[in-house]
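Shared between the two complexes below is chain A, which pairs with chain B and chain C, respectively.
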Partner chain A sequence: MNPEPPIPLHGEPRLQLLHISKRYPSVLANDDVSLVVRPGEIHAVLGENGAGKSTLMKVIYGAVKADMGEIMWNGRQVDIPDPAAARALGIGMVFQHFSLFETLTVVENIALSLGGEFDLASLAIKVSEVSKRYGLPLDPLRHVYSLSVGERQRVEIVRCLLQNPQLLILDEPTSVLTPQAVRKLFETLRQLASEGVSILYISHKLDEIRELCERATVMRGGRVTGEANPRQESSASLARMMIGRELPHCEAPVFEGERKPLLEIRALSREPDDAFGTRLSDIALTVHSGEVVGIAGISGNGQAELLAALSGETPVAREMVQLCGEAVGHRDAGARRDRGLSFVPEERLGRGAVPAMSLADNALLTAHRQDLVRHGLRRFAAARDFAQRCIERFDVRCGGAAAQARSLSGGNLQKFIVGREIMQTPKVMIVAQPTWGVDVGASAFLRQTLIDLSRSGVGVLVISEELEELFEICDRIAVLAGGRLSPAVPREQTNAEAIGLAMSGLFAQPTPESTHAA
Partner chain B sequence: MLLEPRATPSRGMRLAAPLLAILLTLGVGALLFIALGKDPQEAFHVLFIGPLADANGWSELLLKAAPLILIAQGLAIGFRARIFNIGAEGQLIMGAVFGGGVAIAFQDSQSAWLLPTMVLAGAIGGALWGAIPALLKTRFNAEETLTTLMLAYVANLILSWLVSDPWRDPGGMNFPQSVMFGDAALFSMLFEGLRLNTSVFITIAAVLLFWIFVSKSFLAYQVTVGGLAPQAARYAGFPASRTVWLSLVLSGLTAGLAGVGEVAGPVGQLNLNISPGYGYAAIIVAWIGRLHPVGIVFSGLLMALIYLGGEAAQMALQTPAAITGIFQGMLLFFLLACDVFIEFRLRKPLEKRRAAALARKALP
Partner chain C sequence: MIEVLIPILAGTLAAATPLIYAGLGELVAERSGVINLGVEGMMLIGAVAGFAAAVETGGGAGVGFLAGAAAGTLAALCFAVITLSLAANQSAAGLALTIFGIGLSAFIGQHYVSHSLPGLKPVALPLLSSIPLIGPVFFKQDMGVYLSFVFFGIVWWVLAKTKLGLMLRAVGESPESAHALGFPVFAIRYGAVLFGGAMAGIAGAYLSTVYTPLWVQNMSAGRGWIAVALVVFATWKPGRLLLGAWLFGGVTILQFHAQALGVRLPSQLLSALPYIATIVVLVLISRDRKLLQLNLPASLGKSFVPGR
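The block that comes next holds the complex of A and B.
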């Protein structure tokens, strides 16, 4: 355990929310929410997808206007009409989706958000200072497009820190970070807290919350349903508070049917399209009917490139990808889908779904094969019906089939996309980061759904950064590191340590996998 | 002043933007007339009321609106997909050349098939001229904005060569123009003494077809996805090249039809003044009509009115011919400016002093 930082828990609250309510056309996102944050406190906000956490944070940051309620800041009532006012008060926020300009350097990006007159050279020095002081190494002169997700988040955090905030809001900061980056972030946050900065921390990862936070507010359906000291709770009890029932456990029955190879990757190599991509070299893997195969590894090791090659978004040589015995490497995504492939990408908005379109229209994106189109004409009622069934079966909390994709909370959109793909009764299902940003209850449900899908004879390939998740659902696990794939090993024959070792690229030369892997 | 993205695009602004753009255009237009020493009230009367005073005015309005609406329908499909064909003028000319070529080749024909053949040839000519940029884009990734515009100049040169040499009317006093087409090669008039002709039905049919296409077809959906979220289109496996071909060939085709409508209608021959820039004006029509088949009908009528008003103002007020272009250009400019406020809102940056005061007020 890390040493407990001295936390001045007493004294005047830094932030007090009183009876905040916010209604969207279809839902009451915040319903009479009250909350107290003290100086130097790391305060978690937990809740199911769509509970209203992000909305509440946006109210504090002035990005969303509450319909009712008061905000007290250091004991005085304040009005926060926009983010600039929030920053002026000393409130900083790191959004889940970053807002950086890729073509500018780090320091230019920061200068833009600070506004007013600035001197780039001295700002660059300040950026380096702050980033060193908080253990967030950052080169101010690098271009943002060349930064990894973790580094981009550092830019956002440093940008907040430069304004000496008294309250830092982090909305699901770790869902895209590597385990090492999470460690670093926690150190920084503890240091900040010890200096008196209050932190509001949203996450679906209960272990992290138990490790980092000393108080937690639990929300459900827009209301505060409880408070807890996460250090005195178990993950299971926190989950119970969140979803109001026991957390279900995944069950993986033995597959009874015939074990046929469905997806075969043969000696797949590919040069990256851009300078910051990863070269895939000589990747081989077979996914059979009735099994879930997992690919572990940290994003940026060829995950994106491999997924695009498998989905058909970037076609490769014909023989490199075989789907149900047919060579499809040269075919595009649509042709592969025609042959029974379903795919859930890691980016939901803009790739897996069109943000400005309704869920019914987004159903059509890939599910048009489900008789949603006849004679080239759209069948609107059928698409609505499909979306509605998906919403019900996968418990997507939203304003109905007509809701725009971008109005859904992160986890709920993920459930919708996974649902849309599963409902097409695929032969092979490829899923990237199935439970990113999905709450614990829904994660368990999605994992079970993937297992059940495989036991119905489908071949399921999961690419995930979460080892626990992979160990929970996979029959075999391989590791992708530096663009190379280790052989897939049955789950019982490996452990977190071996996988960690393989992640650092130390596995034996991959041998062409036999179709009867152990 | 700062622009700040809105959380959700404003529905109200989406509808208000075209109206606001029209108001701003009128406002600046009034200033322009004052600067020219004209009474703005009189000028506006001449521009927008006078042309619609009689049946002839309405006939002329529809005669001008029909090609604008027709071309804009095709362009709008491409614009939805972010394929920017700005050379519809060239496709219009090629449509006129192909259609007119048929009329010249069969000068003495009285066949009822002559006109339909011309229409078909015009459609093919326009579509071909749209297909070239599509080929260049899908093969060599050449920007369609450049290629379509350059091909518009090429089309113009082809036309002027044709009418000054091989197709020049031998009895035309050396003017660069072809023979006048025979009756079988012309759309028939709808009303005695008015120039409005049956080609307007092509536009009406096109509006209906495009309306059905845009609102009902899966193909139009794919095109729209390609424009809104290219990555999602690739993810779903909607071929990007098909969208390029569809957009450019379709908009070329409608422009080509409009070209035939002109040469087999009010112009009645091939000459250098087939189109008063319909191909360019249709870009504005498409945008002001919000790329919607019905919206385009209204914006097409408005733009046609500006054409008529501009001509009337030249005669009644001795204003320069450029007035038409200025008004059309202003309309587009203000619309694009207003469009920004659909996705963004204007915010005063907190002044340093106010911000500091706010912070001080909040501190204990």
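The block that comes next holds the complex of A and C.
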């Protein structure tokens, strides 16, 4: 498939990419990519996980050096060796993964990225004004570590806006914003575009793209495979362009087997041992065989602490966690896994997988229980085979079982980790943010997999920020806010509004003030 | 009573001065995310360079300070090239620098073993020195002590109030993010490490040309290590570092007086007392894990290679 010639232009393009190629050891991440962005245009870049979107944006921003190709900026050929050069040209970027400094305050973070006079007091006033005007309210004097993920995203966006860029790159900016914040952000972006700012927008949420963008470039396997006007397409047709086939639907059949409690959480309370943590208070929940239970809520409300207590990373009192009728609260993660618990953490790199190790070695980390170790010795061939089966069954796009975990795109690594846990036939499976940053096709697949797993008699607990996802797969839904858990309600008896209200209503609770010791 | 107290307190300040220099330098380096365990070595190199320069030129402690700073900077430059440009392990390189410094200073110093220097006379600052108690303690000191106050003020002000200080902290927390913002991560880390070297060099030169103005092999006697420990226990805050250094200085002086008064304790134990007391007290104050966590430069000791 050859890239289509760019749409004929009126006026000089702001940014023109000509035949950009970038090769990583195992894949060609960008293959002869050409792209034109005009002034005042909101341009979407769509594509599956690993299509090369982030890589292309990093090339524009100077964070990655292209092997071949040219960049034209306002009609002039330019060389962008590092991010400083990009910023000097007027290019701003909000990264897919955060780039804030946790131990600094909001205004200090913003001051760092602005040139000119260094005056924190007047900048703080400006930040609260501007952020309010853009509908992304911020307290400039808070420390970043005390902010929720959504608030951090707001800081990133406001920081970028204050630089008055000519081209704004947003790599999945809305994955952690509330619907209201997204609406406000879109107003702001439209306003900026009308003032002549060009915007490159990456998202896996197709509804957003149809609402916001007037042109879209679709990528697959590192190549541009088409252009579209998202306003004239449906989400289904955009999905088809991205993944090359119809988007499957999730089916949730009725569970026929016996319904018995598998995971019970009883009056779980815990002080955080982390300066950045949330206190858990009196959490109670039961997960039965054959059901998917969801915990909604914006992360930073105790999600990390609850996950650590359930997985066994931070043991709690014996009776607080019961696994298949046995009190295991005091046991560590390994002992709980021995008893049939599987766990997919929120952080894929560093917790779910070791970035510098191969997929086969990463498989061994939890799946050594599957006879991959005998008499204390590793069985290399068995581990490779296990990883290979996981790659095939879960359609992980990568350079094989020997590829380093860090070389996979976010979505593909997620599929591998979920797959690794499912293949160990657990009794209880706990998953955090199962489809965070995963493309539409793979999300549908992962969700169906979780439902099927539960219908085979497993108890599945899903912690997610995406309400739509929870409503699609869960039988019962609870809300975690400020370290407290609401009772789990059957999906039919609630709706997105009620859950959203519970999330934000409790959200107003103060954060622990003991963390302000600095 | 006051008559006894004043010389003890004044001596405390002088004894603390090498630790303040070396500690401030290491604090800045660690704030940028680089841990340099070569402080002891850089101090010795600075001490011998300062002593040699003062003897050879007859220029006194001022020349000694300049030579010490230059030599310390040079030693830190070797460390920086190895750990920053070549991304080698910082702990190993720092230990090697200390071992090298001990050997080099002993080698050069053997020519100077019988020499001594005049040292520095205390200068009473007009008006200030006539304040009761505080005056004679703080403002009847030698220029080396005053200079350490100046450096303390500068480091505190830069870290707390300027964009440069903010950039330094940012680089120390996440060099990746700082690079993405377009900061010159390498330049900042180089600058911080070289500043640390210069300060360690001055600390050594103060020891050899002012504090005990004669050459003794291995004369820093572990003060470089105390400086490294002080920085951690002071949770990377200049104010706490100052307190820690004064504590060390105070116990050092008390222990001298105790020996002179013939306190019946083995002299080895008395000599070890300043080290033990400083570490125990600092461990106690820095038990607060949250405080440590909030101030710890998160990238401390990790190499940064851009574009990965």
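Here, the second predicted complex is superposed on the first by the 419 of 518 C-alpha atoms of A that agree within 3 Å, B and C clash if a C-alpha of one lies under 4 Å from a C-alpha of the other, contacts with A are read in each partner's own complex, and residues count from 1 in each chain.
Here is the rule we go by: a residue touches a chain if its C-beta (ideal position, glycine included) is under 8 Å from a C-beta of that chain, and two chains touch if they have at least 3 such contacts.
Note that the structure is predicted; figures quoted are calculated from it, not measured.
Colleague: Quick check on the superposed pair: does A:104 touch chain B, chain C, both, or neither? Answer first, second, both or neither.
Modeller: The answer is second: A:104 touches chain C but not chain B.
Colleague: Let me test your reading of the model: by the given contact rule, A:95 touches which partner, first (chain B), second (chain C), both or neither?
Modeller: A:95 sits against chain C, while chain B stays out of touch.
Colleague: Identify the partner contact of A:368: answer first if only chain B is touched, second if only chain C is, both if each is, neither if none is.
Modeller: Only chain B is touched by A:368; chain C is not.
Colleague: Of the two partner chains, chain B (first) and chain C (second), which one does A:487 touch, if any: first, second, both, or neither?
Modeller: Touch partners of A:487: none, neither chain B nor chain C.
Colleague: Have a look at where A:112 lands relative to chain B and chain C in the superposition and call it first, second, both or neither.
Modeller: second
Colleague: Which partner chains sit in contact with A:75 here, chain B, chain C, both or neither? Use first/second/both/neither.
Modeller: A:75: touches chain B, not chain C.
Colleague: With both complexes superposed on chain A, which partner does A:273 reach: first (chain B), second (chain C), both or neither?
Modeller: Once the two structures are laid over each other on A, A:273 reaches chain C alone.
Colleague: Which partner chains sit in contact with A:47 here, chain B, chain C, both or neither? Use first/second/both/neither.
Modeller: neither
Colleague: Going by the contact rule set out at the top, does A:334 touch chain B (first), chain C (second), both, or neither?
Modeller: first
Colleague: Of the two partners chain B and chain C, which one touches more residues belonging to chain A?
Modeller: Of chain B and chain C, B contacts more residues of chain A.
Colleague: Starting from the residues of chain A touching chain B, keep only those that also touch chain C in the other complex, and list them.
Modeller: 63-64, 82, 84-85, 88
Colleague: Under the touch definition given earlier, write down the residues of chain B that touch chain A in their complex.
Modeller: Chain B residues touching chain A: 2, 4, 7-9, 216-219, 221, 225, 228-229, 231-232, 234-239, 347, 349-350, 352, 355-356, 358-359, 361-364.
Colleague: Please name which positions on chain A make contact with chain C in the complex.
Modeller: Chain A reaches chain C through residues 61, 63-65, 82-88, 93, 95, 98-104, 108, 111-113, 118, 143, 145, 273-276, 514-515, 517-518.
Colleague: Which positions of chain C touch chain A when the two form their complex?
Modeller: 162-163, 166-167, 169-170, 173-174, 176-184, 288-291, 293-295, 298, 306-307
Colleague: Quick one: in the complex, what on chain A touches chain B?
Modeller: Residue list for chain A touching chain B: 12, 63-64, 73-76, 78, 82, 84-85, 88-90, 115-116, 311-313, 332-337, 343, 345, 347, 350-357, 361, 364-366, 368, 373, 376-378, 404, 406-407.
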